[in-house]
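Structure below; questions to follow.
The letters A, B, C, D and E name the chains in turn, as written, and every chain counts its residues from 1.
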């Protein structure tokens, strides 16, 4: 709870800084503030409390995921400095929106009441709509914002409808009450329908097939930093929230009571497989790196969905997977931000010869792509390993085999980018070594590797 | 099971409900079908009013008023304002390919059929509905709940609005380029 | 005073709301004019709101109505942001047809 | 001192090489590779003295993954192979100028690190990690420093990477499945103990087989091989053919057979037949190759097919012969590729038809090349003969026809190798001048030839080293 | 024991030392010195052999030397060890003895070659391997030598490596030998599998004591057959004989040493060594006899029309080897060994003589361009004449005794084979004297230039010739009919009562007479045809009819090409061009399919919000209806 309050306060401070004409200090201050929030969050770690009539429930799950969100936000804010160099007047707005977005995210993983969940997701969505469309003179950005907005509010409507049905079935928005009722034998059909609708809405947010169409377009059109945010923070928040929703509302046991469990699992399996396959195959032919990463993100969503087959035990795995994926994503995007700073697009051609001009960044991008591809020692590998381990334990070996095949396909496009960096001649001068970008890239990839070397650090938090 | 309203013995409430429901659905359709955006907006206002009527029917007076103020008052004005601002009229009406319309109709039918079937198949609610007789929806009670139990979401909603505000400003603010 | 649902039946409200919600969906799919699409989304949200109130009465519980307030706030915020985006598109493109938004694809 | 020391030396070496700059990099790399060789010899001495040189540390608790390295005879033999070939390979590259040499040599050492780890790992997952890690350096080595048309090279290298990765991922699944059966442990001892039904064993066996068949490669999974060998720089080819192929063969013995013995026994004939058809196929295809490196690639295919077939016999002779032949083949193939490289340095071509008449210009080189060729066709007196004889003998114990068909390598191998030798070295004096081997080149070749001849007459040290661990493995295989 | 080990090591390693010195220092030492080193090295071996021979013939006990364990195989132990017994020492005697002579000869013969040190190093290496082959204590050590001599043969045939035809011949020799080697290996495998040992003495022990079950007898037969295939390869028997004539591409001393006297007899050595195995496989013995007989006939017929002086000798060698195998096939090992020894003498002499001729004519090998050399090269002529008489079976020369014994043995076992052998002998006499007449009689048919330079070769060449001619003339004394020293000497080796002495009865004498008459008949025909009628073989294009078939060696090479080489090459091309490409395409196919799907998928991702939402709604309907309606 304190974390949430502190984050909100930090956001408001950001706005105040603009008024106080202290623009230069915004980013350092925010980073420091976020570090403070992180510390605060650590203080809450381990406690399980609920605040304000159970509106916010702090648990290990929420604190660990919140910490991950905060870390990601720190990176994203740090990257803002360089990205918004040319928009000094708007920087406070951008930073503040990101902070509020974080607040929305934190609210989403620590909700104790569906109202908080709904408001959290709306804050997140609206902030994202704004960020996606934030290059107002760029038609692509407009288009991306518009697409995201239209489809996002459509999904919001569905989520709202789902919440409404849950309420209709349970007569309450409180998570604890709902989870108690959901175990009773006599349940109106509204509850499972409502849950399914909410799940569908969330599946849209994490861009799972067949609700994924927005992702590539929006990722491509949005400003690169926003894409970074969407593909890391927003995706992680959405998947964590969905996980929490399904696990804390006792949805699985209630389905079991009504003999719907196997069908639900089949749906999850189907969506997971479809997401992986569609994401990976579509990514093969992409020329735009952001678009490629969008499809890669879709496939990763498919992987993450595999945790839903073993909800009771896989929170730790989900945390590890999201952390590994998001850290690799941040590292990759910081390099993309650097490379495409003054380019009109993010095509692979821009990366030609990066291995020669900026070997360090090329190495970092390579490492992050290898991590996403699941090559050992990077945490992406362990993430997949634990995921497969869980899933095989639950007896779904077929999904794992499909996942493995998909991992193989994914190497195809990740390596396209690596090839471009190392085997082509550089076609442009790349000057400047912006400190923050290098720092973010290095720290995030280092974290990724540390997670790989010591997976227990994260994995045991939730086990 | 659908209760076919027995028109011969319909109570006032039932007639009212049917009437309002009819208006709501018709105007909603008209909103979508009318070619002129301004007409659409006006139909939508009517639709909102009929929904407010439902609220009143359900004895949620405060909500009805707020609804009219927010939707018909604020949101619709915003719509109309935008429409006027962009000077939209039929000239801007774009061609709708047939496949789109077909797709829309198919999916509409599909989803309606699916949802309705599920609800029909579900166990009917038997027996009378509870009526504790307690006051649960007066302004006073609502206020208490909103500001006690739901204080945090209430505050949080303000952040939502703040974000929306910052966002709209951000989207429309001109900046001096490359100073 | 008895529960009004005794006379109408919660099912009828559900059906009404489902139909209304679906009309919203239909509108989103059917129209290419972004403003109308927005309106359709509003219809969807209002359908849900109505259902909230109906359920609130059904449960004799005020939380449903409280939730409607939040939902209204959300709707308002969404409309504000959406229209802002729309305006900037209109400035750049001179059109508000979502069919013209096909630059990002493939 | 335990086996992890080698790994540490190689890893530090990789970093030290990278940071030592382009000029010093080759020397630093050589130094560290020699240090690793020294270390492995000391370890060997310690091991022979009965010291325990294994390591086991807990790493990840849930699932139970340990940092476990097993220094037994088999592992040590393979480590020695790696450690001995590595300096030779590095030294052999001294005649070439590489752009960005520090990266190049660092990658070589890193690859040696990963391969050594693969040979030592005693935990399924650790093993898998090293296994995959070894893939990355060779990918970059082949991609960046390779030769030939860039697009072709890219295609070949990416195919290689994806293909091998594809195979090994199924192995990962198999490992995970096994660990479930072993109560979440990946330790090799626990995996050995797992009781599996015949059906499970078959699937596990196949999953492993896919990984190894691609790596080794066994036909029909070999299509990556020739192209990659051709496109990779010679150093990369040497690493690939000299050591990396052996990873697959070693793994068959260490992992696949003991874990799924029932399946191995049940389908023994099929897999032996597959290996042997590789022998014949590889030999026949090698006959008509125009590129020296491709020819050697197919000859490799033939040889490893035979080794694989021997491993699948599940007899002590088969396993021992396989290991001996692995080591022998490792040396000889490195020598042959180096010889090809020496020719390339002078003629700038790998096309056999553009060579010929070298012998009259450089008799020393010709003699060394001939010795290597003869070793490769397993002339008695060379190490390869010891390996090949044992291998064929073990095959004959299963079915004499296996030995006959596998033995066709004796004929076909002689045919294509001598044909190659004739076309490359003999004939009218070549108009292009060909300087005889330099001192540097000579040292590498002489070391290799020395090893081949010494162990050709006195293989006992290696046999004694590997036999106890092979017996242990056989006990596991035959436990039920 | 220590002493024996040292002796054995000196025996083996001196030639190897010579090899090393010549390889590393040969060039700087100069031609003559390197030649002397090579010769001395072999001569030392010869002396050691004499010492050993002395020891063994006096004690009659074999010397067994074990150096160290070589290859470990679970149920058999293979040592690197030597067995010096009657057989091996006998073989060593002529290997090192003739070897020394040929080395001596080569000093002069090869003096004009710039790579003389290499030549001597190869020769030394050959002797080293040959000694290893002979004295190995088990089959695997024999195999070292077996392949080693093959290697040296390869190196020496292709000694003039600038000529690709010679290289082809060398390669062919190596590969054909390897076919045999595979047979040998397989034979070893079966023996090892059946008897758990490859050591001669242990093998003998086991075989003599084992209980004969049908399975074991069967195994022995198969093993014997396989071993015989090995012998075929090395000793140039049908079907693996074609390499030997081609091997004449090498320098003549090589032909004399390797392809006449020593290496090609390795097959006979091996069979004799394993006589206890072959004795148990009577069917295989029959096969050996038949193949030997056919080979001798076929080779003799081809030899009838050859015009290259060395080719004639080569086919003659094949033919004689065939006769030896004929003897082996009848279990008359000592007879075969006898013929090996006499053949080594006269054939080495013939080859060296022809070398002298070639040397004198500066490399001319075609007999059509010779003639009348009798006067210019008298020593060469007379030594060759003696050898020709020996090979033709003219009484009291060495060949008479050995060949006669073979034919007699054949007669006792199988009349048809005897007839074949006799015909081959007659042909032998014919073509040998054809060679003699064409080369040494009548007028010289070469160029004026050559005629001008005609001269007898130097003493380094003639001395070996004279020694060998003496041996060829009197070598028969070691095994006179009725009183055979050789048979007694070799008796300990054989399990059967060695060579039941042919009682010299009427049959035997008449057989002898027939053989002598046959030989004289051959000589007579040659005399009539090439001396009286003064025929000279036609030039290549005018040869027709049967003689064309013969001249082209029954087209066997072409048949082998068509039957084996061409299909393999075709297969290779087919694999390379189709299977490889196909497999590759298959692997790439997965990628291609994925890419194709991706391209189609990109069209679905059309950018239209309507479509996206449509799919969204459809997906939602599908999920909901699957969960709630599809029960």
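Everything that follows uses one rule, which is that a contact is a pair of C-beta atoms (placed from the backbone, for glycine too) under 8 Å apart; a residue touches a chain by one contact, two chains touch by 3 or more.
Just so you know, these numbers come straight off a predicted model, no measurement behind them.
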Labels of chains that are neighbours to chain B and to chain D: A, E
Most distant chain from chain A by Cα centroid: E
Most centrally placed chain - per-chain CA mean versus overall CA mean: D
Chain pair bearing the highest count of C-beta contacts: B-C
Reference chain B; chain at largest CA-centroid distance: E
Inter-centroid spacing, chain B versus chain A (mean Cα positions, whole Å): 31
Separation of chain C from chain E, taking each centre as the mean of its C-alpha atoms, in whole Å: 98
Centre-to-centre distance between chain E and chain A (centres being mean Cα positions), rounded to whole Å: 77
Intercentroid distance (Cα basis), chain C paired with chain B, Å: 5
Residues of chain D engaged with two or more neighbouring chains: 162
Multi-chain contact residues (two or more partners), chain A: 115, 119, 122, 126, 129-130, 133, 136, 147, 150, 154, 189, 193, 216-217, 412
Residues of chain E touching at least two other chains: 591, 602, 605, 607, 609-611, 613-614, 617-618, 620, 624, 628
Interchain contacts, given as pairs of chains that touch: A-B, A-C, A-D, A-E, B-C, B-E, C-E, D-E
Residues on chain A engaged by chain B in the complex (per definition of touch): 8, 11, 15, 51-53, 55-56, 86-90, 93-94, 96-97, 100-101, 103-104, 107, 113, 115-116, 119-120, 122-123, 126-127, 129-130, 133-134, 136, 188-190, 193
Of all residues in chain E, those that touch chain A in their complex: 591, 594-595, 597-599, 601-602, 605, 607, 609, 611-613, 615-616, 618-620, 623-624, 626-628, 630
Residues of chain C that touch chain E when the two form their complex: 25, 28-29, 32, 98-99, 101-106
Contacting residues of chain D [partner chain A, same complex]: 59-63, 103, 125, 128-130, 132-133, 135-136, 140, 143-144, 150, 153-154, 158, 161-162, 165-166, 169-170, 172-173, 176-177, 179-180
Residue ranges of chain A touching chain D (in the complex, touch as defined): 355, 359, 370, 375-377, 381-382, 385-386, 388-389, 392-393, 397, 400-401, 404-405, 407-408, 411-412, 415, 419, 422-423, 455-456, 459-460, 463
